[in-house]
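For clarity, chains are labelled A, B and C in written order, and residue numbers in each chain start from 1.
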Amino acid sequence: MKENKSTPGGLVLRGITLSYIALLIVLPVIAISCKAFDGGIARLWQEISLPQALFSLKITLILALIIAIVNVITGTATAWVLVRCDFPLKREINAIIDLPFAIPTIVTGIMLVALYGPRSFIGAFMQNKFNIEIIYNSPGILIALLFVTFPFVVRCVQPVLQEMEKEIEEAAMTLGASPFQIFTKVIMPTLFPSVVTGAALSFSRALGEFGSVVIVAGNIPFKTQVAAVYVYGEIESSNVPGATGVSFILLVCSFAVLLLLNFIQYWNRRHEER
Amino acid sequence: MKKGDRILMVLVLGWIGVLVLLPLSGIVREVWANGLSSLVELLGQPTALRAFMLTFWLTLGSVVVNTIFGTMLSFILVRHSFRGKVFLEGIIDLPFAVSPVIAGFMFIILFGPRGWIGSWFDAQNIKIIYAFPGMLLATLFVTFPFVVREVVPVLREYGIDQEEAAMTLGASRWQTFWKVTLPSIKWGMIYGITLTIARAIGEFGAVIVVSGGIINKTQTATLLIHHKFMDFDFTGACAAAMVLAAVSFIILIAMQYIFSKRKV
Amino acid sequence: MGISIQNVSKRFGDFIAVDGVSFEVQTGELVALLGPSGCGKSTLLRVIAGLETPDAGAVIFNGVNMNAMSARQRRVGFVFQHYALFKHMTAEQNIAFALNVQKRGKKEIAERVGHLIDLVKMRGYAGHYPSQLSGGQRQRVALARALAAEPAMLLLDEPFSALDLKVRESLVGWLRNMHDKLNVTSIFVTHDQNEAMEISDKIIVINKGRVEQIGAARDVYEEPSNKFVASFIGNINIIDAHLEGEAIFVHGTQAKLHRPAGYDAPSGDIVLLVRPEDIGLQHVAEGPHAIPAVVTGIRYKGSVTEVDLQLTDFSLTALEFSKYIWTVGEKVFVNFKKYNVFAVGDSHHAIRRQLEQLGYIE
């Protein structure tokens, strides 16, 4: 594609925009990465090896993984129902799916405390009957994370499912495939890239979630302190090395996921040339 | 509808109901329990009002700056070709991969009194972090991708033909841009702006780190909610949350409407 | 496998797509379902395949009623209009699909797939993905895939409509060859009468969900059973005339033609349908019933020349095979070497309007 002569600016345009990006996006990331290595690799390793830090990273990764897996199942099922089934209020329910995207994370936290907190109907019930604490405990975090990551897989899979020609399934049917075989051999392979994309986005989001978790889970070290909350704690106590260390690890994980996503997009384009 | 689909449908609707709709009811009930008095009381507090105003200004700033730069970036991505363009495309998604707390922290490191850039500003006695500029930067960071990502596909699909036609009919570059290009990417832009607004209003992690949460000075609506919650003023927190939830709802409805327009 | 369609009907809401259609297909025949867009032919094909359930009537394969059987059970090979190839599988894998589903042995599958790839001349492209193949190649893969499971019958839904003209022309003949080689009963749907006439053993003309005529290409072309078929197949000139006893008087001329043998309707207004190639052009009048005309348009098409003629009350288009060079304004005399006669009837104008809308007549 040649440069379009009808767009004003040209090089000036490119210069200004790229400077903006460099200043706003690239530089801050470089800055924090460098800061993480301020005391050398040894210092970095020391900080992230602290039991509290390690725990926060471990619990964050495990939770994010669980979230991604659960979302793959619920998200794909939801997309399926939205595309293939008809029911009253379908348009409204389709709109509701985006609610977690539109609502501030801290409002999510407040809502969940109001609903499942110790003074609420459900919270008190669960506490007395099953001795399960929802808020200030892992169940609460899971619910919060499930809420904020819910739309990702759905919205990734939905358009692909919609675009799928009915004829493909009919062809498989005339060739003798059972409904199960059609799903596993024809539908799933087609959906696979979008499912993985959605899962990766869920994972990435769950990794860094703060606003809802800080309300719902509190900040109990070794119990409910996820990595983002740990970093926040370290910033508040002005422990820069501690904060940068764990931040760096989180960034590395997130970027790995980002790379995976871009790779999937690229690989997918190979199959969709025409 | 096949039987299997029907069972699935019930399960999915149940899941959506419990996961998404139920929490909404919690907050409505809380506010309703105290009547609308908590809401009225909240709106009467000057601190609360200032918090909402601050959120408003941050949102406005983010929208204006990121729409301009986002649109310019879209043109570069779609119309120009140069080495490293793929790299650029990857960078755009970067804010999605960074936890908000880390985002805020990055700006403290870079723009703080001892940061690479911040030290210069500090010498001029200009406060970046723990002040509005820092908060704006953080909000710009987290809202950066939206407009670009929405305009790029629309621009790509729209193609260059109409602009070339306009040129043969005698329009200058600027005229072409205003009269032909801009109207065609309008809905993509508006959708991106809607997403930007939603994100800016809801931003918490980055802003709490970068602002220091100084009441009446650097406290946004989300920080207000957090503060009230920590202060055990749960009712107040719910009231403020309710306001933001209502705004989010309006945005959600706008999103659906605009989304359908986008697909022309 | 012989197919018997008995009084099949199918509606979608208020729209009646197929209305009481009946016909027979003999084992090994290649039959064309021909009709304009929206006439219900594709729906009919899908009913035969089991992809749609008829509201009434029966689909019978070799004496067995198929109504209760699903598409999967009917062992029908179906080739879709846009091929419906599995995009995430190579050509080879697509073709092997039916065999994989049946869990046949690896060696058996490889052998059969190899045989089919050679049959459709895709050797060398077996490992390509659909996105890497041309339209014609995708078409051949779709056919091979449908044949892999050795179906008792082959159904093709507008198999050539999505292809370029030249590719289409070569594939049409290729399909006939393939059919002759495999001798599998086949039904294909098309709106292109040339395709239908060129390769089918039998044409079933369908309009608005109903069968208009069934017959070999020659029968349908030379002896159309009604005005729709006459106008839809090939080009036709429609002339108003009057039947009086044994004589036909063409309006606006001195012509007097004979009532055709076998036409038994009483005297009255009629329509004459004359094929362009059945119009004879002479430079001098032959007989008192020769019809004078003036040449108003000439289209040279290489092997034939289309000549537009203006008579007193109406215009005609004739097809001339001699290499004589006509000039506009030239006077000429017209006679009809062959014509079909139909009563005017109620549907006359409706049919005319329909054909005008479809663009088949001016």
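Structure notes:
Definition applied: a contact is a pair of C-beta atoms (placed from the backbone, for glycine too) under 8 Å apart; a residue touches a chain by one contact, two chains touch by 3 or more.
Bear in mind that the values here come from a model prediction, so they are computed numbers and not experimental data.
When every chain is reduced to the mean of its CA atoms, the largest separation from chain A belongs to C.
Overall, the chain located most centrally, as judged by its C-alpha mean against the mean of all protein C-alpha atoms, is A. Centre-to-centre separation of chain A and chain C, using mean CA positions: 56 Å.
Distance between chain centres (mean CA atoms), chain B to chain C: 59 Å.
Averaged C-alpha coordinates put the centre of chain A at 17 Å from the centre of chain B.
The touching residues of chain B, when paired with chain A in their complex, are 1, 4-6, 8-9, 11-13, 15-16, 19-27, 29-30, 69, 72-73, 75-76, 78-82, 88-91, 93-103, 105-110, 115-117, 137, 140-141, 144, 160, 163-164, 166-167, 173-174, 176-177, 181, 195, 198, 201-205, 208-209, 222, 225-226, 229, 234, 237-238, 241, 244-245, 248-249, 251-253, 255-256. Within the complex formed with chain A, the residues of chain C that make contact are 49-51, 70-72, 74-78, 80-82, 84-89, 97-98, 100-102, 129, 131-132, 145-146, 148-149. Residue ranges of chain A in contact with chain B, taken from their complex: 1-9, 13-14, 16-18, 20-21, 24-29, 31-32, 35, 74, 77-78, 80-81, 84-87, 93, 95-116, 120, 143, 146-147, 150, 179, 201, 204-205, 207-211, 214-215, 227-229, 231-232, 235, 243-244, 247, 250-251, 254-255, 257-258, 261-262. Touching chain C in their complex are the following residues of chain A: 165, 167-168, 170-178, 181, 185-186, 189-190, 271-274.
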